[in-house]
Amino acid sequence: MSLTARDLGLFAIMGAVLALVAMFQSPQLAITILNMSLISAIMALGVNMQWGYAGLFNVGIMGFTAVGGLAVVLIAQPPVPEAWAAGGLGILLGLMLGVATILAAVIVYKRMAPSKLRGIAIFAVLAVGYLVTSYVFGPAKQAVQAVNPASEGYLGGAGLPVVLAWPVGAVFAAGVAWLVGKVSLGLRSDYLAIATLGISEIVIAVLKHERWLARGVNNVTGIERPVARPIELQPVPWVQSLADTLGWTISQTASVVSGLGYSALFVIVLGILIWLAERALNSPWGRMMRAIRDNEVSARAMGKDVTRRHLMIFVLGSAVCGLAGAMMVSMDGQLTPGSYEPLRYTFLIWVMVIVGGSGNNWGAVLGAFVIWFLWVQVEPAGRWFMEIVTSGMADGSDLKQHLLSSAAYMRLLTMGVALLLMLRFAPRGLIPER
Amino acid sequence: MAMIRVENLHKHFGGFHAVDGATLEVEKGSITGLIGPNGAGKTTLFNVIAGVLPPTSGQVLMEGEDITGLHPHALFSKGLLRTFQVAHEFHTMTVRENLMMVPPGQSGEDLWSAWFHPTRVREEEHRIRARANEVMEFLTIDHIADEKAGQISGGQKKLLELGRTMMTDAKIVFLDEVGAGVNRTLLNTIADAILRLNKEQGYTFVVIEHDMDFIGRICDPVICMAEGKVLAQGTLDEIKANEQVIEAYLGTGLKNKVLKEEGHV
Amino acid sequence: MEPLNALVSLSNFMLIPALAYGSQLALGALGITLIFSILRFAHFAHGDTMALGTAAVIGGTFFLQAQGVTGPLGMPTAILAIPFGLVVMIGYLLAADKLVYKYFRKVKAKPLTFVMASLGVMFVTNGITRLFMGVGETRFEDGNRFLFTVREFREYTGLAEGMALRNAQAITVVTALIVMVVLFWFLNRTRSGKSMRAYSDNEDLALLSGINPERVVIITWTITGILLVLAGTLYGLDKGFRPFNYFQLLLPMFAAAILGGLGSPFGAIVGAYVVAFAELGITYAWRRVFTYLMPEGLEPTSMMQLLPVDYKFAVTFAILVIVLLFRPTGIFKGKVI
Amino acid sequence: MAEPFLIGENMTGGYGGADILHDCTIAVEKGQIAVIVGPNGAGKSTAMKAVFGMLKLRQGSVRLQGEDITALTPQARVNKGMGFVPQTSNIFPSMTVEENLEMGAFIRRDEIRTTMEQVYELFPILRDKRRQAAGELSGGQRQQVAVGRALMTKPSVLMLDEPTAGVSPIVMDELFDRIIEIARTGISILMVEQNARQALNIADKGYVMVQGENRYTDTGQALLADPDVRKSFLGG
Amino acid sequence: DEVKMGVLLGFTGPIESITPYMADGAEMAWNEINESGLFLGGHTISSVRADSTCVDSSAAQAAAERMISSDGVVAIMGADCSGVTMAVLQNVAMSAGVPMISPSATSPAFTTTESNGLFFRTSPSDARQGEILAGIVMERGFSEVALTYTNNDYGSGFANAFEESFLEMGGTITSKVAHEEARGDYSAEVGQLASAGGDALVILGYVDGGGSMLRTAYELGAFESFFIGDGMYGDEMISAVGEALEGTIGTIPWAEGEGADTFHAMAEEAGVQGQSSYTRESYDAAALLALAAQAAGEATPEGIAANILNVANAPGEEILPGDLARALQILADGGEVNYMGATNVELVGPGEAAGSYREYVVEGGEYVTVRFH
């Protein structure tokens, strides 16, 4: 599509770097990095839609990613019949009561004229609803969580094929985004940012504390995977003969084959998304979104329904993040709510988008590759740097000891320096918006 | 029936009454001038009519229909357009794109068509682009068609503001000081364009302007606001003769200067 | 006596900690708001630079202690080491500005580029602090830890409930108060302060008024440095120094600045106290307080808590979102990038 | 001819891309009024910015009282007694009107009250609004604040980019009167105007700029009298 | 020649304050082995450190992948937090066939996860410790306690075990509150616990969060007596919490006899913080890997994996810290060892460990042993 020779060159360099990793470190490592880069690229694409196209400052990526991940558990894990028997109905009923309470409050809000009485009425509805809901929900939740807590203690999932969880993850994230957008899209830039950040923290808190849902901090592990695991591939004859041909060990070959299986799936998804995104961006739709981003007041005056468009792009972008989140969980085979941290799942993605070049889909993808590569590979670079620094010092000197043992902290330092250099020499991103 | 009818409109900022019970009518097919001292509440009145600000009280009717408090984009689709006193261009987009984004109902603005009906979208784009080119040529900004709108001169931005209203069929257009900062020769051309749009397309205009020549050239009637209220209304000559208007707005200097200038001709 | 007991209990578990925590947050949030309004970006390195500044103070403290110098009047020695921390911190911030942000100002980069650059600075600072201080907890408090302890209080008053007031808490609140007053005076009354506000409003025009932008930038970083060192030191005295905790402070500080209205110093302070009191108040279990207040036989049996403390962190943000829904640019009408 | 008070000579340059100014010369004598007119986008504002050092010149020089100031930063020029009102974003929106005026006097160390009184007399509306944030003012009121701010500098040369855009006739007249008065006190005025007839009327020197070049240079009256100029640039 | 072994721990992230000591502990074991010169006929072990970040499983997997396939480690001492450990095990170690011994992953999930005999841990399961601690609390006459735990699988599993046993013994838990690690302020949590009341506070967490909880609770006068779990043992605890810790009672996996004492003496000499959490477990894990290689007679992943259980459990000569040279010699001579180490290691099949616990009380800023369980 709209890639210049320079852009292609940058991608080629990135590819070459990965190839070097495959040659000098190991192919498995290169593929591990590649796969996570692809997932990151999808997240970056989602963020780019929101920020690059529409100027929506979403700092809640983490939340949408986690919701997508939750979908994998709810779709792919087998149901836990004992838990359902113990409190499944109560939980469902409780959830419905909760929703009904909120709906009732909204109806009261809409139906009654603004007055003190309305405030009281809403409060009463909420209070009664809260009490009734927790009366039903609380015991059911306790019952479910008490079912074999060491390995279960939750309702389980639907036991469906895991690939189904990807679109469902997108839909989940879209649903949450719709709710979030409905309430908070009236806010602008930084205020929207902190609102989304807050909501994503709330999502994570729920995921961590509501153990009946996905075991909370106890993690769900051993989720079915869309691609055969290397261990399952090792006995397969064609893998073995491939290993012979390549002169690799069987375990290495199996890892590579399995990894490439994921790569293929991810590339297909990324390809479709990029195609859709590029096409949209270069159409009147993209023009309208840029207009909205540039000047909302004016776009409104020119007849564009800014609120609706914002909501739509917010939902779409978040859905893409949710999809990526689902893909990641299904690749890892586990959901660990404790691992969702803003630095890793929100800010790092932002760095990818900005370093890559916001507003440019290819930029976001390249940024994802570059930053993820650095994130993973600066660690040895940091150690290596420390070794160089200390090489002149006397063995066993305190300073040398101290510096060497501090090598781990060079990881972030090196990452920071790399980031700053990149921003310095390409402040509009590696592939800037045109 | 009046194109726009404003009834006892109030807009207060804190304790300050920017619009303080304005009542006025704009006839269909007229070019109404709106003048008044700085801070009279003209722009605020526009903002309330165009749905940018909610009124404190009062009503706005368009062709008899109550449009008070409607969203700007809804008003746009009813054919009500406005320009901004401080230019509101889309600064990272080119001048041409600034114009091309205006026409409503573009099917390419729908994601589905953008993805799956490229031919239809392309044809439509073709038409819109041709229209944009005409408009730019008319406003003498065709040479900067591909410049980023954030980087054109102040006057050019004003022209762009006007150009956007020409990209679609409007019923009524509110122009907030299109003339300020525009070269007078070009302003004459703009005046002609407004007259032509008014005659040929039947646009109704409401024009805020401080340049009396410009007002005199195109406007009838003229409304003068002061301190949030309508001070006087009538033909320009009537207004010019109104003592209150002279005191609050025109000043006596104008007469002197006009005399002085005529001496030079 | 019973209402008194209730009040003491409430103060001990909620009011005093929230006041101290709020003051610490306020000093941090003020810096964020200042940088936001004058240099126009969200300074993500705030938490980590705060850690670095505090580390410098700690270094100074240890040096002083080694010289046998201790704080006056039973105050922590760290108070004396603050000037040293200031020098290091301001030097560091100015160096960061010169090496990093200056260029972006020159090319008029978008605000988000600055934000990302500050993330870069955050990573670097993060590494430097850990290089010097390691990652574990360092306690550098000496002198009297308490103005009075729970036990002393109980003995002295004879109440059933106790209340503790730590030295660091008292110093925090007093310092925060003084700093705020001085800062307001500076911004609103002095030429330099006004020139900063002018620069924040319209950079080009400030130039045309003869305001030296570099000077404004230097003053901004200097003030930020002072706020950072004070906030970091007070926080560290109160709760111990651990680099990771300072990083964690970033979110509540931002929440405070934004809640109050970005760019509004007064807002930042109010926002900080709202965050602190919300965090402690919403999840506060009122049972103990009500046990004292209610007549006998009517004592509450439940915890009387609005929300379980599990959701403490989420609650802060929920409040934030709700406030923003009703006041979209913060309590005191902030700016938008 | 003796060296003018302020001159931007043979200026060539632009915003980084193609040149906007081509060998353009603008000058003003001490105590006189020079007016630049021309079509939109001709480069008038660019020329003003170039004279004020907000733009890198590829060729040419700027001299103030014979001293070459081409390399000085804008704020150094302010200290040399130059004042400038830009065409757009020329106020501090979140500061009050009074603070805006104070900022205008930023480099002054003497008493500023009297100057401020003068500004309030010139623009009475500003006195009423002096505690209001300038960003909340109407377009014309802002313009008055902008001019007032520059006047507060007590400059020796005042550069105004379309000071009358959007102000009402009564204010415009007073503004022009005041500009003449200011010039009489020995301050040089360099301004861009689209209300060109009124401006040239009071101008000692007029420049017509087209596409970054000087097209006509003459006295204000002579330009007003030139039918070509009138027709093409002054609206007949 | 060099044999490479990996140390995969979260050097950055939430538990960064204890990981350096853990790595030091592991490397201490390998140094001891290298100095003996007896390892596989003169080989030496070199340590390859990598950052598991504790929370970012993608980064941890990449780090593990790099260790194994690029650096060529034959075994991994790690990882630490259960989430990343599981990810590394399932997605990297198992496909490469490389054994891992985690010093600190305590999640029950590992007990049931099929790891092809590749995963072991030296920290015993929380279930047993919960029971022992509950007994201690009861025995000391505290039948009404408040409970707080660090909000991860370790804390929540431990808390469940404690709660279950404690209720069974007839105790009451007035309130049970989770706390996050590495937050500055814990007044809210303490406020709730205080409001609920109770004779003592049981804290199941790490030094960072749990230590702050303890200090806050003490200073606010909410509780006077504290019981703590193994995650909070260590010198930093004493320096960080100070006087508040006086009289606190805790449990920790510990070998009865000289093992632990020897370890601490050795650590002191080597300049390693032996008293920090999981340092002993790390030493043991590292020693086990080396001994397993020795028993196999080759430093290969398969060999090590196959021999870990043999060297860890009876029968055989009992081996304590500092005794590794002797163990190497025995193994080289074809004998058998039963590695006890600093924590009384006993591996109950892959993925599970058993061990004895030390009950201690803090007196005068020192950990004083009460007895062993």
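Labels A, B, C, D and E are assigned to the chains in the order they are written; within every chain, residues are numbered from 1.
Here is the rule we go by: a contact is a pair of C-beta atoms (placed from the backbone, for glycine too) under 8 Å apart; a residue touches a chain by one contact, two chains touch by 3 or more.
Just so we're on the same page, UniProt names per chain: A = Amino acid/amide ABC transporter membrane protein 2 (HAAT family); B = Amino acid/amide ABC transporter ATP-binding protein 1 (HAAT family); C = Amino acid/amide ABC transporter membrane protein 1 (HAAT family); D = Amino acid/amide ABC transporter ATP-binding protein 2 (HAAT family).
Since this is a predicted model, take the numbers as computed values, not measurements.
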Chain D and chain C - chains in contact with each: none
Most distant chain from chain C by Cα centroid: B
Distance between chain centroids, defined by C-alpha means - chain B, chain D (Å): 28
Separation of mean Cα positions, chain C and chain A [Å, integer]: 31
Euclidean distance of C-alpha centroids - chain B vs chain E, Å: 75
For chain E, residues that touch 2 or more chains besides their own: 16, 20, 151, 178
Residues of chain A whose C-beta touches two or more other chains: 209, 409, 411-412
Set of chain D residues in contact with two or more other chains: none
Contact pairs between chains, per stated definition: A-B, A-C, A-E, B-D, C-D, C-E
In the complex with chain C, residue positions of chain E that touch it: 13-14, 16-18, 20, 151, 175, 177-178, 180, 182-185, 187-192, 194-197, 207-208, 211-212, 219-222, 236, 239-240, 242
Chain B contact footprint on chain D (complex, rising order): 15, 38-42, 45, 87-88, 125, 129, 136-141, 143-144, 162, 165-174, 177, 194-198, 201, 221, 224-225, 231-236
Chain E-facing residues of chain A, complex: 24-29, 32-33, 36, 149-151, 208-209, 211, 216-219, 221-222, 229-231, 234, 251-252, 254-255, 258, 328, 331-334, 336, 338-339, 341, 344, 375-376, 379-380, 383, 401, 405, 407-409, 411-412
Touch list for chain C against partner chain A, complex: 42, 44, 100, 103-104, 107, 109, 112-113, 115-117, 119-128, 130-131, 134-135, 251, 254-255, 258-259, 262, 310-311, 313-314, 316-318, 320-321, 324-325, 328-330, 334, 336-337
Touch list for chain B against partner chain D, complex: 13, 35-44, 85-86, 140-141, 144, 151-156, 158-159, 177, 180-188, 210-213, 248-251, 253-254, 257, 260-261, 264
